[in-house]
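Listed after this line are the structures, all set down as structure tokens.
Shared between the two complexes below is subunit A, which has subunit B as its partner in the first and subunit C in the second.
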Partner chain A sequence: MLVWKELRAEARTRETLTPMVIFALVVVTVFGFGLRATGADLAPVFPGLLWISFYFVGLLGLGRSFSSERAQETLPGLLLVPADRSFIFVGKALANLVFLGVVELVSLPLFFGLLGVPFTAPLAPFCATMILGTVGFASIGTLLAALAAHTRAAEMLLPVLVFPVLIPAVIGAVEATASLLGVSDPLGWKRWLGLLLAYDALFVALPLVLFDYLVEP
Partner chain B sequence: MAAVAEPRGQLIPGGGGGADPADAVAAPGGAGSVSAVVVVRELVQRLGRTEVLRGVSFQVDAGEVLAIMGPNGAGKTTLLRVLGTLLPPTRGQVLVCGHDVRGGGPGLRRSIGFLGHHTFLYPQLTGWENLWFWARAFGVPRPEARVREMLEAVGLPLFAHEPVRHYSRGMQQRLALARVLLHDPVLLLLDEPYTGLDPQAAALLDGFIRQWRGRGRTVVMTSHDPGRSLAASDRVLVLRRGRVAWLGPSAGTDAARLEEVCHPRDSASPGAVAVSPGGALSGGRSR
Partner chain C sequence: MSPRNWLPWTAFVAVLLALFLAFLYAPPDANLGDTQRIFYFHVASAWTGLLAFTVVCVAGVAYLRGGAPRWDRLGLASAEVGLLFITMAVLTGSIWARFAWGTWWEWEPRLTSAFVLWLMYAATLLVRNLVEDPARRARYAAVFGIIAFADVPIVFMSVRWWRSVHPVVVSAAGLELEPPMVLAMVVAVVAFTLLYVLLVGERMHLAALEEELAECKRALREGERVR
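Entry: the complex of A and B
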């Protein structure tokens, strides 16, 4: 239900997705001009550029998850819904997942195309890496966005809270992508996907337990 | 923008599948009378370091309308938020429909309809979308039909597909009223519900409250207007500085005297108007 509301509101205003897509395009363009390397020269750092860009773009969406509810004074209404309050977390996290997924779909071809890095990865493991790297980010990011929303400097605090907790996901996603693109051990991606899977399992389950304690009207 | 449609002003017989008041009123452990929907005992509520409510006790029976009055900062909204499970009580006991609000789970929240200072409406969504969202969230059966009926009841069917950000304040209040009634709650908590309403919408709200009471539902509302409070309620509770300054029947109570209890001339003195709870306010000096 909440996902429907989020997507419906976004479809009408495009207040979240449009800045995210534009920011992703700006980042890829700036990298295209700013880095004095393309193709094979850029390949060793490309997975890092890719994921750090996506996570920075994702922060824009996370920041709006709860700040919009606060600004519209609708959060108490959600807390009155006769359901386990974790439904708010699930709805917001799924919406963030969709937003970041759309951004990735739009900007991935541009990252590969503009930076001249050949796409040599097997499709299924690459998609699995993208999904697992995004799920973990959306999940822990949504939880921390709820936490930060209670503070006056939510926009400033959110990146400070998110990135330290995100380090294992960054390592897993970057290493798996590097392995799949042939930059590192070609079979190493299985190990890194395992790490991402474990990270996601932990940071999807933990917010379901903690969320009720973090939100207040 | 076309004129707001004449509201039908009828709540739907059978409602949206909410709980029957008779199922929810018995307080466990003999707390309060068997027909009490709200039982508040020695409620103390702190917000930060401030003690907003100081030993408040009262109860509200099924089918009763209680108006809570008092000056700004008396604790009216805080009290309503405690009853609505939005604030856990600091001390004391608060039972709503027989459930302690501290452990207020989904079952308790389903029994409550809360209309606060804010409408809980999403401005980007249309009126229909807003009601449909809340109907689904509250598990209302046949949500489409219920939404249509409620839009007609509050006189907004012509604006059903307009984004709420295009609504006037009064229209948003009407839609917010439809929102809280969607799931047919046992207890309706209304925080200054007449604020921003035009006379037509205020009359509509009066009608809803009468119908609600007629169906055995309970209403607790706050208001600054003694005349309207007395007209709409069965009893009036006056809060001053977090304490119950007066609690008595609306019938036979004089609005001017009630106003004096709420806003005593010598407001620096807590005992400026010395009335005991339950004492009459029907002319002459209060005790």
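Entry: the complex of A and C
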């Protein structure tokens, strides 16, 4: 229900998704100019570039998810709704998941095309990697965005909070992608997907418990 | 007798004893010679850093459940002191890497995890600095402390696996510890733990005084307005 509110508000204004998609395109272009020009083979570093870009783009969306509520002073209204407060968290996290998912769908072909890396991965495990790598980020990122929103220098603090906590997800997603693209051990991806799954389980469950404490009046 | 009387002296003697055992009593290592002696302080500070962050997590849970200010003071004190010890652990680990493996930094699982821990707890202290309202500051710091602590085992596991696919030149040299070395290590761990307890106690005391001072100032300001 709340996720519809988020998505409808976004559909009307498009003030989060549009900048995210454009930023993703900017990032590919910058990587193209910065790295492709050397003529080096980008395949070994491609998984890292891909996920670092997605997580940076995702950070843009996270930063907005509570700042607009604060700017329009709508959060107190949401808190009055007679329901468990974690539904606010679930709504925001799902919205962030959808935003980043759309960005990934749109920009993946461009990443492969513009950086000259052939797509050789088996489709189903590759999609699973994309989903698992994004779910944990959206969940823990949304919680930390709620935390950062009420501090001074929110937009500075958010990356400092998110990235250290995200390190296992970065490792899991990058290594799974590398394995699927044949850069490293072609069977290694199973173990990395397991790691991502464990990470996602932990960081979907924990924010559900902790979110209540962040929005207490 | 209150611990504030005897703890400083006990910690002082324990640290002296640890220095003696590490530098004079324990024999030099067969391969590394005297440079191995940094190991005692490295292990002790790493242990204390990890202990400190366990305390931060426990204090965070206790604060969120009960809301007693002393749990928040414990969380604050333990995070600050823990950051100090984990900084020492990373620095001594880097020096160890230089002399044992010939490089200042090695992406060794324990050392790397310690560094990630450092980043997360530096972030905890940033959260404390950037939130104005004391009650909200305490809650936010507790929440982030719990998240960071829950992340530690999974960081360690992932870095371990990650290293297994990225072959490195060095092996985590299996250290042969003789009994005097074990004694020196245990005493160093005990001494650092006592030092930690001492520093945390003092920092909590200081935090309580700060809160009292803030309360006095507030009362004074409002009192003047009434008159």
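To be clear about the criterion, the second predicted complex is superposed on the first by the 210 of 217 C-alpha atoms of A that agree within 3 Å, B and C clash if a C-alpha of one lies under 4 Å from a C-alpha of the other, contacts with A are read in each partner's own complex, and residues count from 1 in each chain.
Throughout what follows, a contact is a pair of C-beta atoms (placed from the backbone, for glycine too) under 8 Å apart; a residue touches a chain by one contact, two chains touch by 3 or more.
Keep in mind it's a predicted model, so treat the numbers as computed, not measured.
Touch criterion not met for A:Leu110: it reaches neither subunit B nor subunit C. After overlaying the two complexes on the shared chain, residue contacts for A:Lys5 are found with subunit B alone; subunit C is out of touch.
When the shared chain is aligned, no partner comes close enough to touch A:Ile131: not subunit B, not subunit C. Of the two partner chains placed by the overlay, neither subunit B nor subunit C lies in contact with A:Leu197.
Within the superposed three-chain model, A:Leu35 lies out of touch with both subunit B and subunit C [touch as defined at top]. Comparing subunit B with subunit C, more residues of subunit A are touched by C. Judged by the touch definition given at the top, the superposed model places A:Pro164 against subunit C, while subunit B stays out of reach.
By the touch criterion stated above, A:Thr151 is placed in contact with subunit C alone, subunit B being left untouched. By the touch criterion stated above, A:Gly188 is placed in contact with subunit C alone, subunit B being left untouched. Touched by subunit B in one complex and by subunit C in the other is not one residue of subunit A.
For subunit C in complex with subunit A, the touching residues are 64, 116, 119-120, 123, 126-127, 130-132, 136, 139-140, 142-144, 146-148, 150-151, 154-155, 157-159, 161-162, 165. Within the complex formed with subunit B, the residues of subunit A that make contact are 1-2, 4-5, 8-9, 12-13, 72-74, 76-84, 217.
Residues of subunit A touching subunit C in their complex: 140, 143-144, 147, 150-153, 157, 160-161, 163-165, 167-168, 171-172, 175, 184-185, 188, 191-192, 195, 198-199, 202-203, 206, 210, 213-214, 216.
Partner subunit A is touched in their complex by these residues of subunit B: 81, 84-87, 106-110, 112, 114, 116, 118, 120-125, 129, 133-134, 136-139, 163.
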